[in-house]
Each structure stands twice: as C-alpha cells, then as structure tokens.
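What follows are several structures.
In the two complexes below, chain A is the common chain; its partner is chain B in one and chain C in the other.
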Partner chain A sequence: MKPITKRYEVLGDDFTHAGEASGKVKSMLRQLGYNSDAIRRVAIAMYEGEINMVIHANGGYAEVSVYPDRVEVLLSDTGPGIKDIELAMKEGYSTAPDEVRALGFGAGMGLSNIQKYTDDMRIESQVGVGTNMYMTILAQRPE
Partner chain B sequence: MLIREVMQILNADVIWGEDFNIEIHTACGSDMMSDALAFVKDQGMLLTGLLNPQAVRTAEMLDMRCIVFVRGKVPGQDVIDLAKDCGIVLLSTKERMFTACGKLYKAGLGGGCELQ
Partner chain C sequence: MSLYYHSVTLDEDRCKGCTNCIKRCPTHAIRVRDGKARIISERCIDCGECIRVCPHHAKRARFDDISRLKDFKYTVALPAPTLYGQFNNLSDIDYVLTGLLNMGFDDIFEVSKSAEIISDATRRLIKEGALKTPVISSACPAVVRLIRVKFPELCSHVLPLLSPMQAAAIQAKGEAREKTGLPLSDIGVFFITPCPAKVTDIRSPIGIDASWVDGAFSIADIYPVLLEQMNKIKTPLPLAHSGIIGVSWANSGGESSALLQEKYLAADGIENVIKVLEELENERLTELEFIELNACPGGCVGGVMAVENAYVAKARIQRLRKYLPVSLNHVEGDSEMRRYGWNAPLEYAGVMKLSDDLEEAMRMMEEIDRLYKLLPDLDCGSCGAPSCHTLAEDIVLGDAQLNDCIFILRQEASSAGIALSPLFGKKMKKEGTINDR
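== the complex of A and B ==
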C-alpha cells in the first residue's frame, strides 16, 4: 500500500521553532485516526531528532511516511556527522554546548529516548558529510 | 486532581487557560526537557522553571494538559501564544520547584513512574 508521505524542513539555529514539524506530524496522525500511544511515540522520537538537528547540524529535513501499520521517519542533515555512534547512544553522553543546556536540552538523553520510543532505529553518519536517522514506529507494539 | 485544585494548593496565578476542571493524573518536575520526555503518562502536568517555547513543545508531545512555572516566573507572549494553540493551561506559582512538587505530592498527585 502506498504511504502518505510528507516532507518538512527543519531550520538550523532556530530553537524557537524546533518541534514545529513534530507538532504537524502529530496533528496529521490524529486526523488519520492513529492510536494515541503510537502518535505520542512518533511525536517524542521525532521531536528529539528535530532538536538534535537544530543543536548539532544546522537543520535539515524530515520525511515522514505513514502506512496503516507503521510510521517511518527519516531525519536527514548535512551537519558535522557523528564520530562514534555507540558513544553518542550512551545515556548521559552529550556534546551539546552549555547554552543548549540552559534551554532544557543537551542532557544526553535524546538518542536513548528515540531508541526507547521507536520499534526500529538506524543511524548512518559520516563525519563532515552528515547524518541520516531512520526510525520506524509500529501502530501497535507487539505485547 | 483537577487543575483548579492545583491552583489552590500552589496559590498559582493563571497565565492562560480556559478549562480548569481537567483532571491531572500525574506530574513531572524538570528543567531538562529530555528528562520529561522520558516520562510518558496520560493527562500529565509539567512543573518547570524553563520559560522558552520548548517547555510548551515538550508538553505538547507528551499530551500534557498544564504547565506550572515555578518561582513566580511568567513566559513571554510567544510562549503563551503557543500554549493557546496547543490548548495547554499555563500557571505560575511563587513556590520553588521542590516545594511545589512536594505540596502536590502530599496532596495525592503522584509521579506515575515506578522504579524499575
């Protein structure tokens, strides 16, 4: 079945509007009648990803494909890339500057939160080229 | 606990809100939004000292119904407008974070997270 696919630009260095794309996706899924647990998991995972793109990568874009049984999200940026993905995934590890912490982020929880709320997550990153993060959220999580 | 009960317990002022009879089941107190995002419960409330739009965005992603700003803080108009769009009640209390959380907890509002 052909998915409903939407693309959203995520502006870099624009902390005020960070999260707008996730908010729009949330509204769209609500209109499509997705269950509230899946909607929340998509929204949180995508929001954390969006914040990461704003903090670290000077923005990028998000592509969201909605299938009846799952939502697939690609977050793509042309930022500095992640040198050590395993280390970046570690809860509490962060390279965010202090001014980001003053804004309520940069506690090193973003990627682990994304992992927690998605059913599949994959990061492809090349230093100096950029990062693609793929997430899949199932409409119904297996028991 | 109803939002209007929260207002009484914390002697809180309304920054914006329409319906104060919404039932709140759990609350979370944090200035770190990723910590709040690690917490998912229905009908929650966020207590924070963070005044930027991300406090509202975080509450929006979590389906929270109310944000209480502690230490008498009041956010800017952009934050208030965003809360209106999201239908999230904004309150301000002069209590500090620890005291505000303690008063609500004592009155029966839990965190909703059992230690694993």
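== the complex of A and C ==
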C-alpha cells in the first residue's frame, strides 16, 4: 500500500515552536487508529530529533511516511553537521548551549533516546553541509 | 447507563448557530448543522467550556430540581468546598452547613471530609510505590474523560481512587443508615456543585459500577434559597469537621499540597491541561510524582455553575481555612482503603480514529488531505466545523459536503454564472484565489 507522506517545516529561529511537527504527527496517527505504543515511540523519537534540529541546526524539515506496518521519518537539516557520530550517540554527551540547558534540554540523551524508541536509525552527516537522520518505527515491535 | 450520557445540553430556541462554542470545544465535539449547534456525543467530555463561552446562554447543564428531595425519606446534602467561597463576609463554614439543614435537608456531609480521606489514601499508595508515576489525579471528571478519549498511554497513570464526591456519598449513606435504620434506597444524597461534569459522573461513573450519589444541585440554583436561610441564622450548629487539606481541594493546587511533598505539578484551565498531558505523553515530566489537573480555570472554584468569580472565591477560601486544623479525617486501615478504590482501570476509547481498519483509515486520510488543500485555511467556522481540517474530516466521514464551505460555494456559483458578489460585498477578492496559499 502507498504510504501517506507528509512534510513539515521545522522552524529554527524560534525555539518555542519546537515539538509542533511531532505533535501533528501524533494526532494524525491517532486518527488513523495506529498502535498506541508505536504512536508514543514515534512522537518521542521525532520530538527529540526536532529539538536537536532547532538547537543545533537552525531548523530544517521532517518528512514522515506512514505505512500500515511502520512509520519512517526523515529529519533533514543544513546545519553544521556532526563531527563524530559515535561520540554524539553516547549518553550524556552534549554540545548544547547553556541557555538551552536552562530549559531542561541538552542533557545529552537525545540521540540515545531516539535509538531506544526506534527500531532502526541511521545518521548521515557532513560537517558544514548538514545532517539527515532516518528512523523507522514498527507498528508492532517484535518480542 | 450509556457510556455517553451528557449533562451538557442545548436549548434550541436560544441557539443562534454562531461559531463560539465550536471554536472553543477542546475535543472538537460540536458542529453547527441546520443553524443549530450539535454535540458529537462520544467526543464530549462535559467540561462545560461551551456553557462558559455561549453568548446566548443556549448551552445548559442538566442538574436536578430541588423538588427531588421529596423522593426520599431522608436526604443528605454533600456540599463541595467550592460552595464555601461563594459568600461575602462568611466567617464560619457552620453558617453554610446550618443553612443547608434549614432549607430542607435532613443532614449534611462535607465533601471536604472525604477529600481528606482521598488525600490520605493517595499518600499511602504513593509511599507504597503501588502506582505508576507520575500519578494523574482522578478528581476532575472532565480531565478523566479527556484522557479516556485522547491520551491512551496515560490511562494507566490515572489515580485509581474514587473522587471525594463518590467517597462522601458512600460515607454519608452509611452514616444515615446507621442513624435512621432506613434502607439505602430511602436515603437520598445530593451533591452541591458548580460542575456539569460531576453530573455526568453521577449518571455514568468511571471506576465503579453505579454511583452512590442520587443527584446534583447546581450552586447557582441553590444559592438564593441558601443565602436567605443563612441570613436568618443566629447561632449556627457546630457541624464542620474538616481541615485545611479538605477545604483547599476547591482550588487548583489544593489536592497536590495535601500530598506534603514538592514533586508535583498543578495545572488548571482545559487548554493548559491538554498541554501538560501532551508533555506527559512525551515523557518529559518523569521527575514528578503527582499531576493535579482541573479543567476549570482556578480549579473547582472556576466551575461554570459557581456564582462568584473563581479568584474571589479562592481568596475567600484561603481566609476561611486560616484557623482550621491541618486535617481531621484519615483512612482507618486497609479495609477502608479498599472501599475507595476503583474496581476497573480506565480504558481508552478511541473516538478520534477514522476507521477500525488501518488501511481504510489511510485512504480516508489521503482524501482528507486532498479536500483540505481545496479549502481556504481560514478556519472561519461558517461551514459549522471548527476548522477547515475538521470540515475535510467531516466530508470524508459523510457528515458534510464540500460546498458547506462558503468560499467553495461562491466558486461553484460563479462558474455556474451566478453572480454572488452583491452577497459578499464589492471588495471581495477575485475568484480563484482560494488555492493560492
């Protein structure tokens, strides 16, 4: 079956809008009657990714494709890129600025959380060019 | 009783078919059809927002008439603590309670007493680690119903304890039976409340099979009669028996502060409640142990059937409770704990979904997207739906058609050679601008 594909702009200039795209995806999945655990995992993983894009990359876009058995998300930005992906994936590692930490973000849990909630994730990044993050969330997680 | 009994109803004669209620409904449960507002039953959570915003007073809540007292041999009033905040210069809660007796009730039982019991039970359950944290309060029936229709992952976080109202009814009926020897069916307990959602919770309760409360009177209805009685009292009877904790439940933050710890959040007003629930669903508030949510601004004092402004009432309650003891009611042992527990967990009702079949829902979603692109994205409400997107959903669900949109209608008329411009005024934009977004 052809997926439902939606594209959302993630505005980088205003931190207060962060999290809007994942919120919209959540209500769409609920209307579709998607598995509620999968909805939760999509919403959290995408939220974390969205926050990262706003903090580090001045925004970008999110493209979400909904299949009956899975949700695929692409988060794409033209930000500074990630120098060392393996290091960035480590729990607690963060390069977030202080003003963002003051809001409770930047604990260095974003990427590891995404990994935890998705069934597959892949990061393509080039320093100075940007980052593409692909994630897949299965409607039913294998036991 | 039906799952979808509602206390909020429409007075057709007063309804002008305007857009105020459809725009403010937090679950998009209202449409205007044939010039009158219509509530989509399974989505309504009885929060009362539509009653609050209707400028024509066409939205009402079904409360009981005081004549129902005659249906019982012995009657008990259950005053919500919010009632105490409605009177100017009140120095003693006993005036309110004595006034209730003088207006025809045989006895009174303060809901604030049971609120203290529920607070004690909550403290115990949290201490035992028996609950999934953060625990969400179950006291506001509109919030519980909101979670049931919109937040599946949070259903298991809702405190599985009866509301103080139901707990008070159990205690009051037991005491009255003891005192009078009458069977329970001859004893009528009536809640006095500012809240339409409580009426729904009496008719169609969550967590217990049948309600212990026999009916509800609104504060607004009872106020003039009660005030008259209160003004005649020379020496009130010493009836009040609750402390700061119980009385404070009327205000947002009252239930939380009764837990005697800081890891809580208290939010009020339905929009704020929804934002907090979304944060919770995104697992952003894991450091908290307790979440108190009230649909009305300020808490129960902000209920739509209160007489006094919420913040004035709050200030009065703060003054009234000043010299009260902290708490006068406690849970006596495990058997009493069990009396106030839910007998079934809260279950999600997926009323927002388009179809039970996922692939069918996906096809419908695609059609919604296609239709939505044709609409002007003005969310004007003239079609009777709260937004262009909900109109697109309604069309796909077979409850509306595309030319319910006046802009589409104008387009269709103009392509049929009918000039509608006099109807829409001369400064109307050129045709064809509808898709130019």
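The rule is simple: the second predicted complex is superposed on the first by the 143 of 143 C-alpha atoms of A that agree within 3 Å, B and C clash if a C-alpha of one lies under 4 Å from a C-alpha of the other, contacts with A are read in each partner's own complex, and residues count from 1 in each chain.
Note that a residue touches a chain if its C-beta (ideal position, glycine included) is under 8 Å from a C-beta of that chain, and two chains touch if they have at least 3 such contacts.
Owing to the predicted nature of the structure, the values given are computational and were not obtained by experimental measurement.
Annotation: superposed three-chain arrangement on chain A; chain B versus chain C shows a clash. In the superposed model, A:Y47 makes contact with both chain B and chain C.
Contacts of A:L87 after superposition on the shared chain: neither chain B nor chain C is touched.
Of the two partner chains, both chain B and chain C are touched by A:S36. In the superposition on chain A, contact of A:I4 is made with chain C only, not with chain B.
Using the contact criterion defined above for the overlaid structures, shared-chain residue A:V66 touches chain C, although it does not reach chain B. Once the two complexes are laid over each other on the shared chain, residue contacts for A:F15 go to chain B alone; chain C is not touched. By the touch criterion stated above, A:V129 is placed in contact with neither chain B nor chain C.
In the overlay built on the shared chain, the residue A:G110 is in contact with chain B alone; chain C does not reach it. Looking at chain A, you'll find residues 19, 22-23, 26, 36, 40, 43-44, 47, 104 touch chain B in one structure and chain C in the other. Chain C contributes residues 150, 152-153, 278, 281-284, 348, 350, 352-356, 358-359, 361-362, 365-366, 369, 393 to its touches with chain A in the complex. Per the touch definition, chain A reaches chain C in the complex via residues 1, 4, 6, 19, 22-23, 26-28, 30-34, 36-37, 39-40, 43-44, 47, 66, 68, 104. Of all residues in chain B, those touching chain A in their complex are 31-35, 37-38, 40, 48, 50, 52-55, 57-58, 60-63, 78, 86. Across the complex, chain A meets chain B through its residues 15-19, 22-23, 26, 36, 40, 43-44, 47-48, 51, 101, 103-105, 107-110, 113, 116-117.
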